[in-house]
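So, here's a batch of structures to check.
The two complexes that follow have chain A in common; it is paired with chain B in the first and with chain C in the second.
On to the complex of A and B.
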């Protein structure tokens, strides 16, 4: 009988892994939720942004050889920190050259602008994934950092008979995700820029009357969303082998997490991602591994049935 | 201070404003009255730059605004209190006021302006941390006015501040507007459907009907005029 129940060690181990993975999902969800929450734009290219972040990590660690010269950990930290400004600029340029132009078409209503932007992100997604296929090939690669195969060992009961292993690469990714999400929260709620971004989301017309350039706000948002997703990509690349279509493995998780947290609630998206991570891992305790993805959808559907506005969303729509 | 010459605005094939000319001197209180659908809100939006002109020009303090996009006009001293208040409902009262100071570079001045607004509308001081969307209609109107004042504007555009408010609140709002004009000397352009109250407040007024200026003069004269009766009573 006791053999059928998972042991305490297994439960704790799964919980820990779920939390670690969940934090990384949380950062991805925050980036997607930021773009949706401020711009009201569903970004189909989110998975490809993540993929670019992964290849950026590879380029810095292996391509530029930083992993060998300054050591894998400093190189990884450098890659993560550099990813944010590099991809911020790329997002900025994509918005200025493509998304803003298509939205500002003469005579387009707000709804039409959103639809054309949505289709545009789908196009960007195709160009990025196929461009990556041409540039990097379809063979899966990985970062090969030593800490991906090392673990911190916790002894929660102190007796030495229940041990929890925390993969170092996942711990690093979770720490980076928490720091980035916390930083974004501070930016949104403690700075003039953040207040202007939230005002642009809350009421774009009134924001214009305050002297805020709403299109500029959207551009900053898109850049930030891209930068944070790329950071998540760099961190995930340490323990997840990738190829140009790797984004597909994560987009479902991202959308589920954002909807779970409540569309438009940027920080709710983080908790949405954490919950997805936990559900995914905990389901392996009672279900076969192949059903991991299914449980995410089941929980997702349940939440939509019971609380359609999401866990942290407000049911009041903006005017 | 503010002048419009032959301003026309079209929405698709529809003409919302036709050849509107008006001028507002520094420190003046000018009212534009007119029935529903006369183009009053369009007039305000044209001045703010959120709807494009199909003809004519708008000058602020002698500067042609044609090349100034809407989001730069507040920096020139134009503040717009929009129809239906349009407060940032998901942000706190204080954040709304802080957003009003966006055109100002000087933080000390911003803080001073916000203090001044909170003195003018003490009820807002009690609610600085509350989300603006949870305020009553009258309080939201005070917030919208306060938010506009926080930028120390040269010209204050008020679009139907009485809309949807109880009569006692309307009286209070109008009294505050008069006081703001008297104490700060800001140039005021008030657009109103409530003609009598609005005409009593102003130094000069224009009557707008189906997108055209059909009469202008002092508030007192217009109150007695035939055009005004016709516009409002259909006589």
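On to the complex of A and C.
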């Protein structure tokens, strides 16, 4: 029994960490999934949106001194809540000034419009990352909040032999991710705005005939996706040091989560992210740490082999 | 054509005035140039900046002292080329340098071993003497004639560092560690250091490896690795991470699991762990007690040889990059004085023949500054640095240390 205790502790610890990490991935994936699911736009700048959210968190907590004034936790909550509207507006502007304009150019077919938008997001990504390099420099920074290196300690057996450490910053990030994903689900399925967005995704032409401004819907979607990614950035910045190219560390996970959840399924993207987090952590129980990334993609391929449309994706082509 | 002929005098005057109007530095014909190839842009720009400071301070000191006396008091100027962060950009920088080589007598750089390997491929062909703080064995394993390494190479560093750590732990705590855990990333630099220790090095020292975790950067989460530390209870941790974010994740997680702040003695490699940026990003509490293996660091003898260097640098403290580059320029000066010529071959011969216990030797750890037939450092020592009360101090070699080591007694 004594020999089993460390492994039980390790299993529980790994499971808990996988869930916490997965929830944060889930939020990143849901934001990307929203943009792809409704606009059918592959957004190469998603990692850079995350990076901007991180620097926004730093600006609020350290730059504006809010962390010292009202305390790190309230300042972080404020930064997370403020990130959504601030970056929603930025996303709105980017869509209005750049993406919509090239999509609406005269004579462009839908396919051409998507291609040009895709290349435009690549350009936006380069501008954002290099602009951030000029503005913030290359030195990694972090939020340095006390709860990033503190943990809630659980004693599931009550005997003190098995302890599970839940990083406070990750718990906070997971709660924010669940709340944001839940809010987005409610928005998409319980409001008129959500119905408009889903109608624009399902059949833009029919939606237009029904009086829905599809371009406006796309603009809202892009803004929402940007805002949610920035929220994820603020939360991740509490425990992950960042520099202008930090988005590259997460962008593969985001895409994998979206594809795993099912292209076009917004909430499926969230579960895709959670599964990636879980697989990433649980693989370390039986495999060397170096194979962590490989395991994620082996599981990813296996799932797609069985369900090519992803876990929650639809098996029919978009109408 | 007619217009050119009509205005030829005016054009000639403009051409003559152009350098002055464009702000070209006035430079005497006999000035000698020292090249520095370092990453002054991109993710490693900070290290390049620190190297540049070291070179500029050394050149200012040499010129203030009358320049190179053996060459009629020739003054030195610094020529900086940006190595960027890739092998290709470093090689391009070296090619630019040798293409405009007039007046360049020797050079130093390029911080990272992979960049230095690329740079020295070019400088070797051009016959340009090169001095480097990079410590990969391959740099001097290629049979090159125009490069010297001023610090011990990686294989020596790894095998010499651990006995030094064990001796230091025994001296400080009265007990010799017998169990080690290793956490390292999968980069070439990390594995070059860790592999000889893993493959029998620790066994020869009577130390059992109880956990050996290798991760591929970037690390998303350090829980599984730190959980293994909790389960295996080593006497100390050897931690080698080349990436700053990965290092922070591990140190933070150790603190979260009650192993931080020196409770589990942690030995790491690389001066990035002793940078002001690391202090800012990680905070003094998480760094407390962390021990670093470094090939060079400001020491008692350096401080005695040149008081005030830190304040002149504008940095809160001097690190390996600044002090080594300062030393490299002083070494080139020493070679120029002994060679009595700016000819590349003669300067290189003088560099190879260096055997000094003072002068440029003051800026490196060890009892003397000399080079073997390959151009590798003779007389170098492993430096151990420890974070104590928010500052990194040299704690070993004992004679040159500015603080005593702290190692938990339990």
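Convention: the second predicted complex is superposed on the first by the 313 of 319 C-alpha atoms of A that agree within 3 Å, B and C clash if a C-alpha of one lies under 4 Å from a C-alpha of the other, contacts with A are read in each partner's own complex, and residues count from 1 in each chain.
In this text, contacts are C-beta pairs under 8 Å (C-beta built on N, C-alpha and C of every residue); 3 or more make two chains touch, one makes a residue touch a chain.
Please read these numbers as outputs of a predicted model, since none were measured by experiment.
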Which term applies to chain B and chain C once both are placed on chain A by superposition, clash or fit?
fit
Could you tell me if A:148 is touching chain B, chain C, both of them or neither one (first, second, both, neither)?
second
Applying the touch criterion given at the start, work out whether A:17 contacts chain B, chain C, both or neither, answering first, second, both or neither.
second
Check the residue A:311 against both partner chains and state whether it touches chain B (first), chain C (second), both, or neither.
neither
Per the overlay, which chain contacts more chain A residues, chain B or chain C?
C
Answer with first, second, both or neither: which of chain B and chain C does A:96 touch in the superposed model?
neither
Contact-wise, after the overlay, does A:122 reach chain B, chain C, both or neither (first, second, both, neither)?
neither
After the superposition on A, what does A:82 contact: first (chain B), second (chain C), both or neither?
neither
Chain B versus chain C - smallest C-alpha distance in the overlay, whole Å
36
Chain A residues touched by both chain B and chain C?
none
For the chain B and chain A complex, residues of the former touching the latter
48, 50, 69-75, 79-80, 82, 86-91, 95, 98-100, 102-103, 133, 147-148, 151
Quick one: which bits of chain A touch chain B in the complex? Just the residue numbers, please.
192, 195-196, 198-199, 202-203, 205-214, 314, 316, 318-319
For the complex, which residues does chain A have touching chain C?
6, 9-10, 13-14, 17, 21, 137-142, 144, 148-151, 165, 167, 239-243, 245-246, 249, 253, 280-281, 284-285, 288-290, 292-293
Residues of chain C that touch chain A when the two form their complex:
42-46, 186, 213-216, 218, 220-221, 223-225, 227-228, 231, 244-245, 248-249, 252-253, 255-257, 260, 277, 280-283, 286
